[in-house]
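First chain A sits with chain B, and in the next complex the same chain sits with chain C.
Right, the complex of A and B next:
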């Protein structure tokens, strides 16, 4: 085990853990944001640099600081390391700079984008005070592309996090999705716009931190804060069948995988990741296809919670967390009423 | 007794003058009579109209841009800002060749405001990121049927030949900003057609 401190909070982690993972064990504001790193995908991370931290002391043996900010998702911890994230103003300033650069080519079309409201880049920009742009030149522009009949690619919005490429690599077989060109001209593409028809290709939508890859079956149907998330499951021969339905009244507008507090797809009980198949995601759009478990746990401060007065679950879980009753992210038993599926449509 | 202004009620005997009633009636009638010759507090609406404040909050308008394309992109921020939940909309994707009709890739195929629910607070106008919805100094006309108060796009969108002037509602800074064509927000499809952006 290796001992280190992150923002003066001591934490003990196994050797080989990254700083980001150690910070996630602490949780809360200390955790650096991550746009490209995805713990469920191997070799992800190291591209976007939003997770940068300042290392004041490299290790116990060599107490010199690391001279530059390091990408915490790719840097392993060392014994006696002293890491600063939010307690270092210069680190926050550097991160704000990174965010501004990420936004250089990102169109400010949140009113149009289906991802708005659950977009990590939007959150990141607001958290770092970069809602306004200083950029005055032409942004790069592409026409939206259909990747198959279910997925839409808006290359304008892409921040080149490579997560979808990792999904195509690691979860689906017969890869035909990757990055072409280099540097500023790089773009996500499929092999001559070949449709991805793999049972798990829809997961690229879930891993996309921005609105570059979106669900065509949900395209412009609603805005996420008008839909109500409920957890549901069905017997699926291809995947675990555990999903989150986004309902408007009785109508299922969208099906996604369940996300945890880091915005990543949750784990199953056996430790595997709960990726969902395209059948569940795109074709089962009827409430009768699903066994509804109850309202999803959504952060109370998220816009998705707005106007959902009856989502008891998140409020109670949040309150308990604030009172220190349960550690961050742990499921809280909320009694009978909160999980009663008949409770959700009460106005 | 928070304000110390409460008065104790005293039941005292009336004087003879008060008992007679007539002097009090005459003094009251005198006040009424005097008002006949005074300036009237009311006007003869609708023949006469009072002066409106430039930021009066009346019937909404959905603006077109300079090239005549609808500015609204059905983002739903007005509806989420609306405290009376008076606004509903359905979004649709713009097809190729409709760039002259709709500014953005997405547009509102239906946009309805229930004028009976609306409290004319102006929060929709404030929430709009596209400068599409404005309240105007027009008063919503009264009718006899409830369903006539649900205003669809036919009543809300201004027509190209009858544009509603809302410049008085905008600050000089905003008006100055809108002249700057280097911002995408201020460019119409005509600007893009005439001066295509440099290809990457």
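Right, the complex of A and C next:
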């Protein structure tokens, strides 16, 4: 086991653990935001740079600091390492810089984006970003692309996290999904517009942290916060059949995999990842198709209610206060009904 | 006349051909190495020589070689980086074009020391004609038993392959190069693992610059200790400098490390002074990514010492008053040059060459280019100058590969040393109308 501290909080983890995984064990605000890392996908992480942390002491043996911020998702812990995330104003500033850069070419079209409300970029910008943009030029634009009749690609919103590329590589067989062009002209491609014709292709939607890959069968049907998520299952010959239904009344508007508090698809009992097949995702849209288990547990990344926004604002105020040096980790009171997806009526 | 090691036979007609090369002492170092020395002894010579990588970073070559993992039953590779795409750098091209056998000889010695039986030369796409020269030289070497199976009857086997890139600067970054060599998209890998542990096809690999590998030949010829006596301090040996810009004699020069910068620029042996007798304004000493320095700081350090052509002297003062030897791309600018336009050209390049993997470089390089374009159009504000400064600081150190830094450093240095010029552009665009347009202004790509 390896001992280290993150924001002065001691933690002990097995050798080979990354700083990010160690921080997730601690949980709460010391956990760096991760836009590209995905623990269920091999070789993910390292791209977005939102998870950067400052390593104040490399290890007990070699106490020198690491001169540059490191990507916590790709950096292994070492005995006696001293890591600073939210207790380093310099690190928060660097992260704010990354967030600002992630947004310069983003269309900021949340009002017409199906991902709004469960978008990691929204959360990230809200919690770490600046209030105003300093970018005044035209934003890069691509035409939306239909990847088959079920998946929509809005390249304008893509943050190049490569998660979908890794899903195509690792979950589906026969890869026809990749990246073409370079720099800020780079785009996710399906060589080209060829539907990723595979039973598991729909999982690219679940891993996409933003609204770049969305479910065409759910398109403009509702805002996620007007739906009620319930966990349900069915006997499926292709996948685990354990899903989350996003309902309005008796109507199933959307089916997704179940996600954990980090926004990642959960594990099955046997430790495999509970990816779901396209039949379950796109074709089983009747409540009769499913055995409903009960309401899903909602975390802050799934549904953003108006109340939730308020508390996040407090978190930000806290973070700013913290620039004075005080670590913060107080429990956040979400308010009565904040997690009730139907609480729009109570506003 | 200073000492020449790499280009000493450059004046000999036909030196590109094996016969002439051999007649002038070629392949004797290789014979000595393969027949009389062990791989370990060769490594020791390289370490003793103090040779540092000539591709830009100046990492000690002997140390790099000693990091190479040597697991049983796993092949090891030597990969020569001939991607040479840093603006202002053209010395590897010169060397390969003129004396291709020097590189091949260096590769055989190096591969033997590293225990590699396959070696690659990754040539930038635009150098396709150079690849033909190399191919021809390699063919000659095979035909004479200098490559292939049982070289010179020593039992050592080596095959050399030439691979042409498709014209991307990023493929000069060693891990992007390896990806490209494997036939994939040339994206830099996330390190660790480093190539010495898992490089080409996941096997231990050493990536070295063309000039680095060529320098192995004189090192083995004269011995590491003798080589270390040439040069100054920890900058041993000679260095090829690609000199360009407003000088009377642009070209590739071999200098002994430690040559005063002033002598290099003004002596007839080298650059021959500034064109048209004009005054010098600034120098980018090591390829477009290293910090630009104004005349007073390139000729003398902040402490008033004469600046020398060496890693240490050019680096004196850090980035506040110093720069880097880098790849030796020495770009001289005269008094009429617009630093802002020059910076725009550089920034446009880095924007165009970003691979797009990581957010700060992908988004930041384009933003900086756009702001510079706006300033050049006379629409900039003082705030834009601060914004540029801020963006470069948000890129530097936060990216996967050093291209981010390469894009950030020129911006920082130009503003640091020439801020009044930027201010003139935004406060009084009329005043700079008659500055000569050395760089044509292209609309943003």
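We adopt the following convention: the second predicted complex is superposed on the first by the 296 of 347 C-alpha atoms of A that agree within 3 Å, B and C clash if a C-alpha of one lies under 4 Å from a C-alpha of the other, contacts with A are read in each partner's own complex, and residues count from 1 in each chain.
Just so it is clear, a residue touches a chain if its C-beta (ideal position, glycine included) is under 8 Å from a C-beta of that chain, and two chains touch if they have at least 3 such contacts.
All values derive from a computational prediction rather than experimental measurement.
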Is the arrangement of chain B and chain C around the shared chain A a clash or a fit after superposition? fit
Touch test for A:185: chain B only (first), chain C only (second), both, or neither? both
Looking at A:49 after the superposition, I want to know if it touches chain B, chain C, both of them or none. Which is it: first, second, both, neither? second
Partner contacting more residues of chain A (chain B vs chain C): C
Taking the superposition as given, does A:112 touch the first partner, chain B, the second, chain C, both, or neither? first
Can A:1 be said to touch chain B (first), chain C (second), both, or neither? neither
Is A:219 contacted by the first partner chain B, the second partner chain C, both or neither? first
With the superposition applied, I'd like the minimum CA-CA separation between chain B and chain C in Å. 7
Just which bits of chain A does chain B share with chain C as contact spots? 185
Under the definition above, what is the set of chain C residues touching chain A in their complex? 168, 170, 185, 190, 351-360, 362-367, 370, 374, 387, 390-391, 393-395, 397-400
Please output the residues of chain A touching chain B within their complex, sorted ascending. 107-112, 116, 136, 138, 140-141, 144, 185, 219-223, 225-226, 303, 306-307
Going by the contact rule at the top, pick out the chain B residues touching chain A in the complex. 73-77, 79-80, 91-93, 104-106, 129-130, 182, 184, 197-198, 200
So, in the complex, the side of chain A touching chain C is made of residues 45-50, 52, 67-69, 71, 74, 94, 97-98, 100-102, 104-105, 134-135, 137, 159-160, 162, 178-179, 181-186
